[in-house]
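Okay, got some structures for you below.
Okay, so subunit A shows up in both of these, paired with subunit B first and subunit C after.
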Partner chain A sequence: MHHLKRFAASTAIVLCGTTVLAQDSITVAIQLEPPNLDPTGGAAQAIDSVLYANVFEGLTRFASDGSIIRGLAQSWDISDDGTVYTFNLAAGVTFHDGTTMNAEDVKFSLDRARAEDSTNAQKGLFAGITDVTVIEPLSVQIILDQPNGNFLFNLAWGDAVIVAPESIENIASNPVGTGPFTFTDWVQGDRIELTRNADYWGSAPALESATFRFISDPTAAFAAVMAEDVDAFIGFPAPENLPQFEADPRFQVLVGNTEGETILSTNNKMPPFDNVLVRQAVAHAIDRQAIIDGAMFGLGTPIGTHFAPHHPDYVDLLANSPHDPDRARELLAEAGFADGFTTTLKLPPPSYARRGGEIIAAQLREVGIETEITNLEWAQWIEEVFTNKDFGLSIVSHTEPMDIGIYANPDYYFQYDNPEFQTLMEKLNATTDPADRSDLLAKVQTIISEDYVNGYLFELAVATVAKADVQGLWVNQPTAAVDLTGVSWSE
Partner chain B sequence: MSRNLIIGTALSALFVTLAAVSFLWTPHDIETLDIPNKLQTPSGTHVLGTDHFGRDILSMIMMGARTSIAVALVAVGIGMAIGIPLGLLAAARRGALLDELIMRGNDLVFAFPSLVIAILITAVFGASAVNAIIAIGIFNIPVFARLTRGAALPLWERDFILAARVCGKSAARISVEHILPNITNLMIVQGTIQFSLGILAEAALSYIGLGAQPPTASWGRMLADAQTLVSIAPHTALVPGFAILLMVLGLNLLGDGLRDWLDPRIRVARV
Partner chain C sequence: MIRYALGRLTSLVISLFVASLVIFAVIEVIPGDPAAFMLGVNARPDTIAALRAEMGLDQSVVTRYFDWVTGLLRGDFGQSWTYKTPVAELIADRIWVSLPLAIYALILSTLIAFPAGIYAASHRGGPGDITIMGATQLGVAVPNFWFAMILVLIFAINLRWFSAGGFPGWDNPFQAVKSLTLPAIALALPQAAILARVMRSSLLDMLGEDFIRTARAKGLTRRQALWKHAVRNALIPVLTIIGLQFSFLLAGGIIIEQVFFLPGLGRLIFQSISARDLIVVESVVMLLVFTVIVVNFAVDIAYAAVDPRLRAKA
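The block that comes next holds the complex of A and B.
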């Protein structure tokens, strides 16, 4: 009995201790661990999830609602012809190693990103830059070869953050940025720790420290949140468990939209998918609502093209491909596949793909298309599907914002090659007038929808489960980011 | 007949029957999904409820029994077909270099943890029911080879074998005509045990996604699919869990009961 009492007393003290500590530190879980810590060199989203806005900042940045706001650039002037941007940088900004951030660093970062040998995953963002000139220590001029209506948006990406030549060598393991948090430690396979940057130039964040943990297994994720091992889980992997968290007063559930167009990727160069009739048949065979309900337990918005439905320029093209198995069979017969055919369906690990794949396989079987399902880990998927293009069908969510431009690249893994589309995209990139842009965006959305390039399934939703007294987390994911600058604990 | 034997036979027969019936009829079609009716609790239409795709769980169990039994049966078959001749050969050449080679080869296979190697095989050659069968089958070989040799060695010392040798029968003929019939009981008992281990191994491989691929039903994958649903729809995990438990329990009791029933010494003692 005595032991029990003493144990209870000591537990109470320990619990109080953690509660006090928890007020200015947070443990955040995300699904995937970043393979390295260089957002300007690696393609993995997880890099941005940990570092974007926390450790690294760009000239502009995404706000939680997806709008573009000031970052390190406090103001900018755009020349009348739209090709010269002059950025005025914030004063008194230092990198975490103490060196000053100035126009030289901006020039260095942008020149490095667009260099011939650059490993930047989104080099297209910088394609139009012809020159970057330092005018004054806090003023930098960027000259474009033609007007680019998306330029400020492009600079907000995690791939365009400002880095310093002094610390670039070890950036992949020791990231040094200008953000409100400094990188402290990375225990590979377990966690990344960040600490508040005492010398931050902007308003200081409420949190003293933050720990990122990586849990990809849905069951382990559920257990970690239930046991309160983590304070927040951004991108909770098991939508079926959300109602339980909603019913539990300890937790809050935030469901927001992402830029993730979840598509049935189709290899446009591989017969029979090189035939538009076959692709159209596949589109009519798919029942989107069944996939959203069955794989995502209702989370997600159906899409009819590769564009985010919450974007003002989205065109609702669902009418191009309603669920109609009879029409699908007719189209298959017209294409010469009256008896159907067999193809491969290669699925990466997320449940939208694994479960969605089983559902799609059943729906395709109904119209006579047999699929051989192969489950792949991400590394295998990148190699087999993305790099070697050895697939018939696959399911993946394209989470980059405004990424319809991938259809203009005939070497992209689904290998869509349409000169008309490519010309329109070039025109779009050179257009700055909002009304003209809207028109062009509507056109390109319609083209890929009517060409049935891929099976357009749904816009991925993101679920965040957090303790009830955590506030300031992003609900939506306009870019892959866990921005902790505004996060705090309520009293 | 002992109680073990009766219970074991009944449980095993139940699942074999379910599997056999599934070739002709299942309560519902498991290849068409019925998502609006997902995660239903047991009812008149769906006796054991529905899973996360609205498929009838009883039908899934029946189809899954077929997968489990097929995989385990072929795997035991591989083990017996290769292991028993190897064991007979080793016993016939006891002490010779060949005996040494066969038995050390078996030790080598035995030295690896079977499930880990099975994972390796399916990971390298791709996940499928066929690769699962091969992976499980390979590890049945040394089991039968050792048992055969161990049981055959004392027989070779017996007078009736000596008589056969005096008659001029070759070692091969003696092995097939005299040794094999005398160790059949043992093989049947061991076969039953290996069969239950095969079912467990198949469930384990499917659970981690390396066994039969969808849409083929498999108990292990049913369990894996139900993992995040345990708290909201416990029946989706309990049903395949109990199916595996009862099938393995049944086969173990059957093996145990058969040993008692077939062993003449115990039978005489009972009489």
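The block that comes next holds the complex of A and C.
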């Protein structure tokens, strides 16, 4: 069937062939192929990269600057006690299979995500919901057990998109959403194709169609862009090649922020890291700029706490841990490790970890800490480090937006257990007033920075290489997404 | 003959059984929980448990092995955990990239190696021989992914004759063959170098044999003796090598598939291992083992058909 459509489309192009042909399709490359196309199932970011805002929409959504804007919900009322949210849905929204999107679908999606047998990777986002009630076809009420200042933010995640009961069975291979693009084809291992949704309820995108390709090898990525096989590469994996693209008038290079706090994760329950002096010594041993230059070719912003530096509530705490090897040695001596010690450094596959790990190992050796480096695959890392907590140090980028709450969970793999912090986090979650939230956010950032819970390295940058006349691509990645709604070719 | 065939068949079944045990056991001990991997770092324990149950991982090892093997016997390869589609479909898609690529590379390497090997052998010690042997030395030494990168640099980036990778599908056969051309050349060059050397030395051995001298004595020219008698007999070791190369090309294209981002079997195995999609790994590896064992079985039977001594022994 879609062959026929394609034939019809190509005939149309031939018929109007003499006029200047405006380009209305794009080929976008990302590194990883989505394992399946169910954003409400697995944690793989690649699923959101392809589908978020393009195929699926939630009640709210992230804008390119990370702010939360309206999605399928056009407006909402929050009760005075902050526990009842009433959402008014956009009218005339249909799923790609032609069925109408209404409050029943919202109830279905949220109930499914928080159900006992749910396999939603971010089930925690829905933890406070006690009930979802359909009031009218386009009005839905969500009741929380306590006020949650993050609730609208939580609903913007790709894991909280609205799905329909009719199409849920095959969502993994045939995603049916409400977005401006419909899913047309997936040649597994090679590409995913999207086509403009003619019945889209919002403003129509400029592109007629889009193809996603998946290239993880840095050399292959370079070749694909240079050969102009792809029009844009989001998350270009070879930062060392960026100057070459910058110098080439055919291309533009965009460097933006992600929500990835890259940290030297430290096992806070394992001696000697249970001693704050040792953690502080590690923090002073680290030369952030050397890591950013050496491992990331200069891309990345130094951070002094676990918070995105582009966020308005970020507090610059770099002064707590300047690079000072002498101070590090003093602190170690004070902690009783004048001769240093040996620990493990377990590294997952990304280059920030593998390249950064070598540099950090050298910096730690400067102050007397020897590390045994082990390179792990992600699946091994999740088992050994994350689940079994069998590590001294590791390097990982925590890419979930606003994830400082992980420090309130004493069972989280770096095992930070501070009741004061936990109380403040509870208070923060229950606070909806923006000014109060800012204060609390500043406090929690400061606590973990002064406790040297982990070594805070840098905010991960994202590089996009695109043809010079592609416009409207996201520069930053407030969430994993390649939002094509605003993308077009300049004349 | 029948007793011999039955004997080979029994050993085939035993081999397959042992292979299935080994594959399952090896994959079982790979560290990393597939469910925890799929759900990432924010997953709650109850979510992971729910997914494990959905994937059948909460059952005992014996049950899972039994389910897997009985599934295979029924021709059911199971369902991929990550792709959530039948493994058989995944394999069917990928094999249409890997198999044509392997055949293409094999044809190219044969087309290069035969003339080169024959020329070198018949002009032994001459400048042509020395050049060819030097080139093959290089071809054996240089890995195929390096050739791949050089080919991409020249033909995709500079000349823009080919795309740098990817596979458009067989809807358009010309584009499909074109997209496999650079990978096939990269795969074929090192294989051709090996094959040319084998061809040359095998031919030189033959040229020293008594029957060649007899042929020459009967009045054949050197060239006639070479083509009529030597080449034919020299082909036996060459064909053995080609057979070995084919299974290498089928399963071993993994790095080339990575360089050219081709959706082939090698890349499927690679991705499935890192995603801990164990059911896919098990089934694809089992399929490859099955192919090799069955090909060997066919070769054994063919030997027996050719060589009466084998039949008598059994």
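Some points to look at:
Going forward, the second predicted complex is superposed on the first by the 469 of 491 C-alpha atoms of A that agree within 3 Å, B and C clash if a C-alpha of one lies under 4 Å from a C-alpha of the other, contacts with A are read in each partner's own complex, and residues count from 1 in each chain.
Methods note: a contact is a pair of C-beta atoms (placed from the backbone, for glycine too) under 8 Å apart; a residue touches a chain by one contact, two chains touch by 3 or more.
These figures come from a predicted structure and were not determined experimentally.
Look at A:Ala290: by the touch rule set out above, it reaches subunit B but stays clear of subunit C. In the superposition on chain A, contact of A:Ala379 is made with subunit C only, not with subunit B. Touch criterion met: A:Asn241 reaches subunit B, while subunit C stays clear of it.
Judged by the number of subunit A residues each one touches, C leads among subunit B and subunit C.
In the superposed model, A:Ala220 makes contact with subunit C only, not with subunit B.
By the document's definition of touching, neither partner reaches A:Ile47: not subunit B, not subunit C. Legend: residue contacts after superposition of the two complexes on their common chain; A:Ile359 is shown touching subunit B, with no touch to subunit C. Common to the subunit B-facing and subunit C-facing surfaces of subunit A are residues 219.
Partner subunit B is touched in their complex by these residues of subunit A: 218-219, 222, 238, 240-241, 243-244, 290, 293-294, 355, 357-359, 361-363, 365-366, 372-375.
Remark: subunit A residues 33, 35-36, 38, 42-44, 116-124, 172-173, 187-191, 213-217, 219-220, 223-224, 226-229, 377-380, 382-384, 386-387, 398, 400, 403 touch subunit C in the complex. Residues 31-33, 35-36, 38, 52-54, 126-127, 209, 213-215, 227-229, 231-232 of subunit B are the ones touching subunit A in the complex. Subunit C contributes residues 30-34, 36-44, 46-47, 50-51, 53-54, 82-85, 90, 93-94, 97, 149, 152-153, 156-157, 160, 163-167, 169, 258-264, 267-268, 271, 274-277 to its touches with subunit A in the complex.
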